[in-house]
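Each of the next two complexes has chain A plus one other chain: chain B in the first, chain C in the second.
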Partner chain A sequence: MTVSTIENRDDLIRYLEAALALEHATLPPYLTAYYSIRSTTNSDAAHIIRVAAVEEMLHLTLVANVLNAVGGRPDLTRPGFVPSYPAYLPDGEDDFTVDLRPFSPEAVETFCKIERPGKAPSADERLLSAPADRAPLLVSSPTAEGMRFYSIGEFYEEITEGLEKVAADDPALFRGDPARQVGPEYFYSGGGTMIVVTDLDSARRALQFIAAQGEGLDSGIYDAEGELAHYYRFRQLQLGRYYQEGDEPGTPTGPPLSISWDDVHNVKVSAKLADYPPGSELARVAREFNADYGALLALLTQAFDGRPALLQDAVCDMFRLRDGFNRLICNPLPGHDGLHAAPTFEIEPAAGSDQPAARDAGEPTRAVTP
Partner chain B sequence: MYEKFPEGAAQRTDPAVAADDLYDAVIVGGGISGALIAARLSQAGRRVLILEAGPAEDLTLRGYEDYLNRFYEAISKDNQAPYPALPNAPMPRGTDVRPIVPGAPDASAYLVQNGPFATDTTYTRVLGGTTMHWEGKTLRMLPEDFRMRSLYGEGADWPLSYDDLAPYYSEAEREIGVSADVEDQAYLGITFDDDYVFPMKGLPLSYLDRTVAKDIDGMEVELDGVQRRLRVRPFPQGRNGIANPDYDGGKGYVPQGAVSAYQVEVGERCQGNNNCVPICPVQAKYNAGKTLAVALRTGRVDLVGQAVAHKVHIDERTRRVTEIEYRRYDRPDSPGFTTMRARGRLFVLAANAVENPRLMLASGLRGSSGLMGRNFMDHAYLLAWGLLPEPAGTFRGTVCTGGIADLRGGRFRSRQAAFTIDIHNDGWGWARGAPMTDLISLVDSGSRYGASLRQGLVDRVSRQLQLAFMVEVPADPSNRITVSPDFIDALGNMRPVLTYDIPEYTMRGVAYARQLSKRIFARLGAEDHTAYNPNFWGYAVHDGEGYEIRGGNHLAGTHVMGRDRTTSVVDADQRCWDYGNLYMVGGGSMPTVGTSNVTLTIAALCLRSARAMLARLDSETAPVNVTSNRRDAAPTSGKAAW
Partner chain C sequence: MTAPSLEDFLLLSVDLTAFEETDLLGTGMAEGYLEKVRAACGDGIVAALLDAHRAARADAAAENGNQTRTPLEGEAFDRALRHRVFSDDRLGPVARNIIKLWYAGMWYALPPEWIDRYGAHAAVGTSTVTAASYQEGLLWRAIGANPPGAKAPGYGSWARPPRIADRYLKGARR
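== the complex of A and B ==
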C-alpha cells in the first residue's frame, strides 16, 4: 500500500463528499434504464435495476450519516454534484464512461462495470495514476492529484483505513449531532437497513456495508444476510438465470429469467436539453423534470442537514419523478430518427443562488461536456 | 426480506404417488387457514398434503404481476378482477348478483342464491385464497363478542373467551405482520399483555381521516342511556409499516415483503396505493402465499393444485374420515378430470365458510346436530356518501386507514346490532363507482378534456366522503348453505346454494347507522348525497325506509363451534363432533362475527387448532396399548366421541 491519502479530518470529509457524489452518480443511469422499460414488460429486469437504484439511495444516506457523524455537512446541491453524462465515475475509474441509456445489453454491461468486484491485484495498485487527457472535472482521489481508484470497493477501503487513522489521532472525530442521523425508520423496500453512525465501529460498518452490497467484496455473491450483491444481480441479466444460495459466481442455477430487449422505449443516449426543439412542450417538460430533480436534491440536502423527517416528503417527490420520467420517455424526440426523449439531468443551481433559474426552451445549459 | 418460495414446490408432488401416501394431515384449501396449519404442523415435523382448487404454480413476483396486469387491464375493478375465471373451480363474483324474484333462485352464477336477500359476497379460489384480495384490516374481536348470548340474549356464546384467544391473536399478528399501536387499539375491553407492542408501528391516518376527525372527535352520541364520545381511530392493518424495535422484548421485527422463487426486494412497506382490494401492487399487504412459502420450505408439505375436493369418505363404524376424493382437472380451460384420493391421519377442511359445508353436504354429511351449513353470517354493509365542504385529499392513502369504533360494543346490543364505521379513502368508489363514474360523467356530460378534465376530476373526487357501516349479523339457522343435485359445476361438483335474509336485529342497527350518518355529515358541513335505489339488488326495507345493503365477504358461521355437540358442529379446537379425525376450520367455526373483519380471528383460531392437532397426532402415533376397550386406548382429552 502506498501512503494513505487521508491525513486528517478535512481529507476525510473531502473523501466522504466524493463518496456522496459517487453514490448519487449511479442513480440517473439506473433510473433511465428502469423507466425506459415498457410498463408490464420485463418484470425481472425492472426489479433488478430497481433494487440496485433503491439500494444506491440507501448507500447515499449511509454516506451522509458518516459525513454528519464526523461533523460534515452533506450538500447535494453544490455545482458539479450531478455529473454531466457521459461521465466517468467520481472514484476515478477511467476504463469506461457511464451514459444515460435505455435498458439494453450496453446498459447492463455498464452496470456490471460500475458494480464490479474490485479487489486490486496488490495493495500497491489500489490507487493508480489517472491519464492526463481526461476531463478534469470528476474527482478521482480528492486529495492526491492525478490519482484514481481501481474500483469502488478500493475507494471505500481507502476511506475506511483513513477513518481509522484519523479517529486514532482525533478522539473528538465523531463530533456530529446525533439528531442529524437518519434512522432505520426512514428506509425500506431494499435489502439492508439504515445504520446510525455515532462512532468508529458504526462508521466502519456503514462503509463496509456499502462496499459489500455493491460488489460482494470478500464475502462472495451473497452477503451475511443472504442478500445478493448488485454486481451479481446484474450478471443475472447477462446469464439469463437467477442465482440461488450455494451458486458459484459464473453459474447461477436458479429459475430462468426472461428478457425482452425490444419492450423498451429507445431513448436517446445521454440526451441534452440542446437536443430538444426550442420552445416545444417536450423541452418544457424536460426542463421541469430537471427543476423537480434539483428541488428533490435540495430537499434531501435539508433532510441530511438536521431534518431527517423531511425524507417522508421526499418519498412523494420520488413518486413524482416517476411521472416526470413517463411524460418524457413515451415521446419521440423530433429530429432524432425515432429515438425517444428522456430526462437530461442537467441541474440548475439550487433555488436561492444567484444564477438565473429559467432558461429558454432547448437552450443548452451551462453543463460541462466531458 | 422477501419470502422465498422453494422453486418447483408447486409442481413437485405427483398426485398418483400422493394417493398411496398416508399423510399426517390432508388440508383442503391453500388460503390463510390451510397455510397456517400446514406451516405449524410441518414445522413440528409432520407431513402435510394441501389440496388447492385453483391452479398451483410457484409463487413468483412475475406471476403476481400477471394478476396485477390483469387488474390494470380489466374494465370492472371488482374483487375478482385480477384473478382468472376458473370454470372448474368457480368463484362468486360481486358483479354476478341480481335481484331475486321470490320463489325463483338465481342460478345464473356459481353461487346459487335462493334469497330472499341477494348478496354480492365473494371469495377467491386461488393459491393464497381470499387474502389475495382482502383489505387487510385486522381488528381483534371484543371480549363481549364471545359472550353475546349471556350478556345480551342475542346470537351465541363461544366455547372460548377473549382471554383464551388473546395469545393466538398475538401470534396471528406476527404471522400476518400487523401495523398498529396498542394505545389506539385498547378499547371496549380489548386488552394486551403489559409489554405487548404490535410487530410494526401504526400506519398514519390519512388526510381525509384527519379532516373528518377535526369535527367528529368528541362528538357525543347517546345510545341506550349511555353517553359516548366518538373518535376517529386508526385501524390495525395487515400491511407493512415501520418495524417496531420494541417488538418481542426488544428483538424487533423484520417485515416480510413479496413472496417469490427468486430474490426480490419489494413490499417491505406500504406505499399508500389505493387498490389494496383487489390486489396490493407491491405485496406490502399480507397474503397467505407468504405463509405457504414458509410451510413449503420445510420440505414436509406437498401441494397438489387443480384439485377440487369432491367427497369426504367416512368409515361409519369408526366414525372417522378415511379419505378425501378429489377431482383433479387436467387443464384450467377444459372439464376433463381424473378422480384421485388423499389419505391422512387427520383431515382439515380449510376452504371457507361456504365451500366447507358445501363439501360436507355434497358428501351426504349433514351432521348429527343438523347444523351443517346453517347460521351463515357475513357483515351487512350500509354506505352513506356525501361531499365535504373543502377538498380533503380523498383517494390518497390505502383504501381505509381509520374509522369510528366506539359503537362496536355496549348494552344497546341487546336491542340492535353494533357496527364499525370505515372512512373510505377511495371516495364514493364502493357506493357509486368513483372515480370511473366521475370521469365518464365529466367526459360525456361535461365535454371536458385535457387539463380541464384533470382538474374537474380532482375537484369532484377530492371532496368525496364515504362512510361504510359494517353492521353485525347474528347467527340465524335459517340463513344457510345447502346443495342440490339440480345445480352442479363443470366438474360435476354440487354448487353452494345460499338462503339468506338480513335479520331484524341487524336492520335496527342499519337504521340507526343511517341516522348517525346524517348527524355526522351535518357536523362536517357535508352535503349528504346518499340515496338508496329501490331497484338495487340488495335493497332492504325496514320500518318503511329502504336501504342498500352490501356483503362484506366476511363469511362465517356455517359449522359453528360450541360446548355441546347438539348445538354446534365443531368443538373449541374446530374438531368435528361427529368425526374424530376431521377438523373444519375458518370463519365457519365462528358463532358470532361481531364487528371485526374475520381474517385475524380465523388466523388465531387456526393457530390454536394447530396445537390441538399436533397433540392429537402425538397421541395417535404413540404406541397403542391393546385393550378390549377402544375408548380406553385412545388417549383423548375426554371430549372425544370415539
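== the complex of A and C ==
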C-alpha cells in the first residue's frame, strides 16, 4: 500500500475540486460529438452519448455535494477549470489526448479510453509518475506533485480512502451546511437519484456511484441497479451490438446498432477562436457561445454555493446553449475545406469567483415585460 | 444558365428575414430551402429574383454612398427592395413566399393567378420541406419561444417572459 496522498481535510478538498473539474471536462467532448450528429439520424449513437453526458452532469453535482458536505466551496469559474482541448487523460498504458471531435470512430475510441475500467495491478501502482512533457493532465494528484492516476476509477478510490481516513481523525469533518446540498427536488431527469451528503456513509455512496456508473470498477459490465457502465455503453458503438444481461465484456449479444458515420456535421477537431475569420459574424457567435457557457458555469457555482434552487434556472440556460450549439455546428468554418464550426470552450475567467459573470454575457437579450 | 448559388440565396434571405447569415445557416435548412424554391418556381425565376435583389442593393448603395452592410437598413434600401422585388408581379409573390418559408419552415402554394401566368412546376403546391423545418422556423426565435412539441426549453421556463434579442426590439418598450 502506497502512502496516501490525502492527509487532511485541505488535501481532501483539493482532490474534490479536481474531481469537479474532471467530471466537467468530459462534457465538452461528449456534447460536441452528440450535437455533431445530424438531427433525426443516428438515434442509437445519439442516445448512448446523451445518457453518458447527462450522467456526467449528475456526477458533477454529486461531487459538489460531497465538497459542500466537508465545508468546501465549489467554484466552476476558477481559471483553468475548463481545460484547453486537446487535454490529456491517463489510461494506464499510453497517454492520449481528449479532443473535441465530431461523432466518429476516433471520438468513440477516446470515450472508451476516458471511461476505461482501470484497476491498477496493485495499490502501489495506483499513482504513476507523470511524464514531464505531458500537461495538462486531468487526473493528476493535486497534492503529490508530478503524479497522475492509473485511471479515473483509481482516482475515486484514492478519494474514498482519504475520506475515510480524514473522517476517522476529524469527527467534525462533515461540517457543511445541509442547506447547501442539491437534493432530488432540484435535479430531474438526470441519469440517477441525487444523493444528499451529510456523513461518511452518504459521501462514500456518492463517490462509489460515480465510479461504478462511469467505468464499472469492480462491478462488471452492469452495476448493482442493472445499469450498463459508460465504458460498455461506448463499446457497443465499436462492436455494433447492444449488450444484454449475462454477456461477457468482449462479446455483446443483443440487437445490432445502426450507425451512419456520414450523417454527421464534420466539425473541426478542437477548434479555437483563432480558427474563425477575425471580425466575422461567425467568430462573434462563437465568442457569444463561450460567454454564455461561462455565465452558465457562474450560475452553477451560485447554485452549488448555497442557492440550490438556482439549478432550475441553470437547466433552462442549458437548453438555450443546446440551441446555440446546434446553430454553430450547422455553419461551415470558412477556409477549412468544408469543416464545420463548433464551440471552442475557451472561457474567459470571470472577474472574480465571488463576482460571477453577468447572466447574459453574450448577445444582449432582454425579457419582455408582459 | 448557371444554377442559382447558395451564397446569393443567403444574401437575399438575410435581407428578407432580418436574421443573420449564421442564424440562417444555423437552421441547417438553407440548401433544402433553395432546392425547394428552385423546384417550385424554376431556375429562371430564381435567377431573376437574385438579379433584382442585387440591383436593389446597388440602387441603395448608390443613393447612400457605398453602404455594404448586410442587412441593408434605411429608407433607400427599403424603397429599392419594394420597387425592384415586392411590387413586381412575377418576383414579389416568390420573395414573400421565401420569407414565409424561413419563418414557418413551410412552402406555401403560390397564388393561382401567378401559376397561370408564370408556369406550374412540380413542387408548386403547399408542402413542408423536411421534418426538421417546422422546428427550425425563424418565427420561434423571433418571438423568443420554442416550437411547441420541440426544442424543450426546461421545466418552468414557460413562467418567464420571452427573451428577445435587442436588435429585434428596435427601441420598443420592454
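Definition applied: the second predicted complex is superposed on the first by the 337 of 370 C-alpha atoms of A that agree within 3 Å, B and C clash if a C-alpha of one lies under 4 Å from a C-alpha of the other, contacts with A are read in each partner's own complex, and residues count from 1 in each chain.
The rule is short, and it goes like this: a residue touches a chain if its C-beta (ideal position, glycine included) is under 8 Å from a C-beta of that chain, and two chains touch if they have at least 3 such contacts.
None of the values given here were measured: they were computed from a predicted structure.
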item	value
Partner chain in contact with A:281 - chain B first, chain C second, else both or neither	second
Partner chain in contact with A:47 - chain B first, chain C second, else both or neither	first
Which superposed partner A:257 touches (first chain B, second chain C, both, neither)	first
Superposed model, chain A: greater residue contact from chain B or chain C	C
Partner chain(s) touched by A:188 [first = chain B, second = chain C, both, neither]	both
Partner chain in contact with A:295 - chain B first, chain C second, else both or neither	neither
Contacts of A:242 with chain B and chain C, given as first, second, both or neither	first
First (chain B), second (chain C), both or neither touched by A:330	second
Which of chain B and chain C A:321 touches, first, second, both or neither	neither
Chain B/chain C common contact set on chain A	40, 188
Residue ranges of chain A in contact with chain B within the complex	40, 43-44, 47, 50-51, 54-55, 184-185, 188-191, 227-228, 233, 242-244, 254-255, 257
Footprint of chain C on chain A - complex, ascending	38-40, 188, 281-282, 285, 312, 315-316, 318-320, 322-323, 326-328, 330-332, 363-370
Touching residues on chain C, where the partner in the complex is chain A	20-23, 25-28, 131-132, 144, 151-157, 160-166, 169, 173-174
List of chain B residues in touch with chain A within their complex	7, 58, 60-62, 65, 69, 72, 201, 240, 242-243, 245, 255, 257, 261-269, 282
